[in-house]
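Could you have a look at this structure, given as structure tokens, before my questions?
Here the chain labels run A, B, C, D and E in written order, and each chain numbers its own residues starting at 1.
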Amino acid sequence: QNNNDKKIIIATAANIESAMLALTNAYAHKTGVKFELIVGSSGKLTAQIMEGAPYDIFVAANMKYPEAVYAGGKAKNKPKVYAKGKLVLWSMIENTPISIAALSDPVIEHIALANPKTAPYGVAAQEVLQHYGLNEILGSKLVFGESIGQTDQFIISRAAQIGFTALSTVLSPEMKGKGSWILINPSLYSNISQGVVLVNRKEETNQGSQGFYDFLFSVEAKEILKEFGYLVDE
Amino acid sequence: MISLNLKKTLKSAGGKIDLNLQLTIEKGQFVTLFGESGAGKTSTLRMLSGLLRPDSGTIKVGETIWFDSHKNIDLKPQQRKVGYVFQDYALFPNMSVRQNLEYALQKNQDRTIIGELLEFAELGELEQRKPETLSGGQKQRVALVRALVQRPEILILDEPLSALDLKMRIKLQEYLLQVHKKYNLTTILVSHDIGEIVKLSDRVYELQNGSVIKKGTTTDFFGLNKTSAKFRFSGEVLKIQREDVLYVISVLIGNDIIKVVADRTEANNFKIGDQVLVASKAFNPIIQKI
Amino acid sequence: MDWQPLVLTFKLAVVTTAILFVVSIPIARWLSSTKSKIRPVLETLVSMPLVLPPTVLGFYMLVVFSPENAFGNWLNEWLGIKLIFSFGGLVVASVIYSLPFMVQPIQAGLSSLPSTLKEASYTMGKSKMTTLLKVLLPNIKPSLLTGIVLSFAHTVGEFGVVLMIGGNMPGKTKVASIAIYDEVEALNYVAANSYSLILFTITFFILLLVYLTNGGYFKRYSQ
Amino acid sequence: MISLNLKKTLKSAGGKIDLNLQLTIEKGQFVTLFGESGAGKTSTLRMLSGLLRPDSGTIKVGETIWFDSHKNIDLKPQQRKVGYVFQDYALFPNMSVRQNLEYALQKNQDRTIIGELLEFAELGELEQRKPETLSGGQKQRVALVRALVQRPEILILDEPLSALDLKMRIKLQEYLLQVHKKYNLTTILVSHDIGEIVKLSDRVYELQNGSVIKKGTTTDFFGLNKTSAKFRFSGEVLKIQREDVLYVISVLIGNDIIKVVADRTEANNFKIGDQVLVASKAFNPIIQKI
Amino acid sequence: MDWQPLVLTFKLAVVTTAILFVVSIPIARWLSSTKSKIRPVLETLVSMPLVLPPTVLGFYMLVVFSPENAFGNWLNEWLGIKLIFSFGGLVVASVIYSLPFMVQPIQAGLSSLPSTLKEASYTMGKSKMTTLLKVLLPNIKPSLLTGIVLSFAHTVGEFGVVLMIGGNMPGKTKVASIAIYDEVEALNYVAANSYSLILFTITFFILLLVYLTNGGYFKRYSQ
């Protein structure tokens, strides 16, 4: 129990888990601080924080959730963007033409994207389709994952021949070199800004959490995030 | 003394019977409820033992009121402590024969009775068996001795011997009489077997449509006293055979068939299945052991 | 308020329960009467769909049924059946996932019937099928009811498997449970609450109707 | 003709019986299996009707082989079409009395038999009732007539009348005889009631420990032929009473009690419960209807 | 491979099943014998936890049990019980969620026993409790088994409710189903597969053991 209290507990969105692992390892190496990662969907984590979950830092996959936490009086500071996601179009099936134009091809039966209602990558993908006027046309081909993780699973299981996902997915150690992908022009969708807040816990907040929070915006952290496929403000 | 004063409408989809019953049973008596199928015998026993709630009335046993609809007294079956042998045996399928008996033991009761009862009912070899592997008659024996384990003051027997073979039936009848006397039981039997009733019981109550229509001591009830003066048997005509000018009528009496010679007009009076009396004025019987 | 997910949910629950009922009876019948040595193994297997987290089970199903893989391809090419991202897929997934809820109570019910009922029917020249339908099943009504209620309610509430294999397609595979989940995730608690309330209320009355019918409530008052 | 040649080890936790049985029953006969509880009577009937598989042996009915362990023939119970009255009734709880009977109808069978049977067994008023609301005797009547609905060639009765009252018992016995003749049935009865056996059956087979230990025509079996010459009853001593220098022994014969006078040495020979013969050389009975 | 989630899962499943068993018997006993008019309503209510998607049910529980709200606060202040983000909370949530799987089969089993068994026991002076424990329950073993197996398997596989109320805290509330889900989300399919396989295998053998014991397999060979 005591041991646990010394750890910094980070609630992190599932899709940024591997980057967070790299970041916490780097910070731990430097300072000796211990971490514990609580992984979940941003929506769940938000609900839990609102009900007093013992998390020190909330690293979300968009801005909406940390803002809700802040609005609910559960954050110490206003949410701050630590990284921005990039959208890619990805397929695991060989010889699938990967382009926006090819999406209308009858060969493509299903296109996976994250649910725009709950995931920022979904909103981005929808904006892209809208930009090309494809939203209506492709309507019956679209399948929605509850999170970017599930969208990945649609693509990886080849149930959907192609799909929109995060650059961080295709660059992750597990997926590197699998299938083929193209980057979507970031100007076609609004920023996928990912925010972080320090949680305002009832109990005393772990002293080290401010340090890690600051570290997230350091040059070193930005390098790591870039490696994982995120866009950072230089 | 047991006083029953019971009213109960037995409801069912097909119709209803208004059970309306006054009965007094002396302590230590062995009484039989007799009557047609559906007359209400089982229902009466269930009300006495607390398994069926009368609509109104009273049940008094000795000085204790077991049920009184006005005073709102209604003892639980557990408090009434009657030994009850059910028509469908109600053996506990999860327990062996011995365990069925042991379950019936009361707190701190001497366990030797189990062995005694098992031996008596010739269940010794079957004591480890589960009820489902027993034959019909074996089940009935277990049900019977299980009801005796708790040495109840009142023993209720709902056709306890009907599925037994003659040998076992006689044995258990004897045992019933023995335990009835030994433990000073008040025993209430339902039976259709007149021989059995005569042998076992002191008094008989005949039920019809939920009411007592006839009652009396067993001998009075079946008119057996009259047989003391001269010899008379009741029996049933099995066969009427013509032999020359005479007729031979075969009558089943108990387990025996006797043949009675009759002339034509007499013979025409009878048909197969008739219940008849066979009597003789001159009768000097010899009795002999078998 | 979008009613489509609710309609889809009850359609799915009814179809799934009906199929489960038909599928489970022979399985339960066999399990309750066989003396085969592999019975315990099969009994165990029937319960196994419950053991994996629904989304994970859904993922494995997705892999198996995907037309890119051997089995899914065979289904697609030879039978023209597509089980992913379709209502048919939801049904298949729900049937597999809720199988134990139907099989187990029916099996327990059949095991508890005295064997003379079956035997009496056989000696009257009645086939196994007739005996099952007219004698055995009508006498295990409480168990059938348990199976139906558990399967129905479970299908109404399930969303993990269904989300995975269905892909949350509006009007096609987006059932109420997914819609509610979406609203909760999106922090739209008011919308989630009203969906939940409606789902809850409708299901409550459906199940209440089932129980009242079973308890002879309507019979009693119709006479 | 039914030929049974059956071997079966009846296993159970407490021990085992090797059933080993040779039986031949002529078509149209009414035979009784008689014997102690647990002797194997029910098991034999179950093997005949296809509900229990013999370990080895043959069952031949008429020209048809129903079972032959060597030829691997084993007709299903459905193909054997026997009418079976079970010891535990086996009424279908979900069906009313009438529905229970209707269920037993064969394809295209004339439905009028239902009404006929309901009326005969006095079940008309109960036809809409569910079995659980019936009394024990009512259930047994339903079970009995239900087995008759399909007009089986072979009727199997496992203690069918044991829970019935005398009136109903006599009625159903008569009906059994009637249907047995009318439909040219071969009927196999298990019964412990000698009166019933004598009245109904042509032949008796006594089973003990899974084997036939005695068989014969009913009259031979019970030694009834001897009664034709002189009068002899078997009975049971109920009471031995001293009256002055003499003793009066009460003997139960059938439903009647007779009193026999005996001297002291004679009386000392008997004790209550003894099975005895009561005979008389001079016996000119008068028969009279009741 | 981190074994903690697996240990936690089976601990949760055992504790939950045990509590459910104890809690459900009186409920089932009452439901099977009462003639009360509200019985169908209560029967329906027992099934209702199934109807909501697990995460949503978990969300409502989170709100109710949270110390931020009246009831949770009362629990916390007066009884010192904290039900969110704790193992105790997982147990309570699992018990509520799996209640129908235990209550319904037991109720169906009890309804099917002939009433003379109970009555015979009463006339022997045995209390309702003794009768229940020694006579009624031992004679509905297939139904008890159904209840135990369904509850156990369902608790092993559940993750929606548990994730919501437990918060995925390693060593405390991170059970195997959540760990698998995490790995799948993190695209670590190899890790997810090995977790699944282990979970599946262990549960398979636990349930097989239960079925073999029930089928008298061990008894038969010990004699």
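Miscellaneous remarks
The criterion applied here is as follows: a contact is a pair of C-beta atoms (placed from the backbone, for glycine too) under 8 Å apart; a residue touches a chain by one contact, two chains touch by 3 or more.
Note that the structure is a prediction, hence the values are computed from the model and not measured.
Under the contact definition, chain A and chain B share the contacting chains E. With steps allowed only between chains in touch, the distance from chain A over to chain D comes to 2. Two chain pairs, A-C and C-D, are compared here, and A-C has more C-beta pairs in contact (counted per touch definition above). Greatest Cα centroid separation from chain D: this falls to A. Averaged C-alpha coordinates put the centre of chain C at 19 Å from the centre of chain E. The distance from the centre of chain B to the centre of chain E, with each centre set as the mean of the Cα atoms, comes to 50 Å. Note on chain placement: the centre of chain D and the centre of chain E lie 53 Å apart, centres being C-alpha means. Multi-chain contact residues of chain E, defined as those touching 2 or more other chains: 55, 59, 184.
Within chain B, the positions touching two or more other chains are listed as 88.
Touching two or more other chains at once are residues 44, 47, 150, 153 of chain A.
In this structure, the chains touch in the following pairs: A-C, A-E, B-D, B-E, C-D, C-E. Contact residues of chain D toward chain C in the complex are 49-51, 76-84, 86, 88, 90, 92-95, 103-104, 106, 147, 149-150.
Put simply, chain C touches chain E in their complex at residues 39-41, 43-45, 47-48, 50-57, 59-60, 100-101, 104-105, 107-109, 111-113, 140, 142-143, 145-146, 149-150, 153-154, 156-160, 177-178, 180-181, 184, 192, 196, 199-200, 203-204, 207-208, 211-212, 214-215, 217.
Listed in rising order, the residues of chain A touching chain C in the complex are 41-44, 46-47, 64-65, 68, 93, 110, 112, 115, 117-118, 140, 142-146, 150, 153-154, 157-161.
In the complex of the two chains, the chain B residues touching chain D come out as 12-15, 34-38, 41-42, 87-88, 96, 125-130, 133-138, 141, 158-159, 162-170, 174, 192, 194-195, 198-199, 219, 222, 224, 227-228, 231-236, 238, 249, 251-260, 262, 266, 269-270, 273-290. Chain C contributes residues 114, 116-117, 119-127, 134-135, 138-139, 141 to its touches with chain D in the complex.
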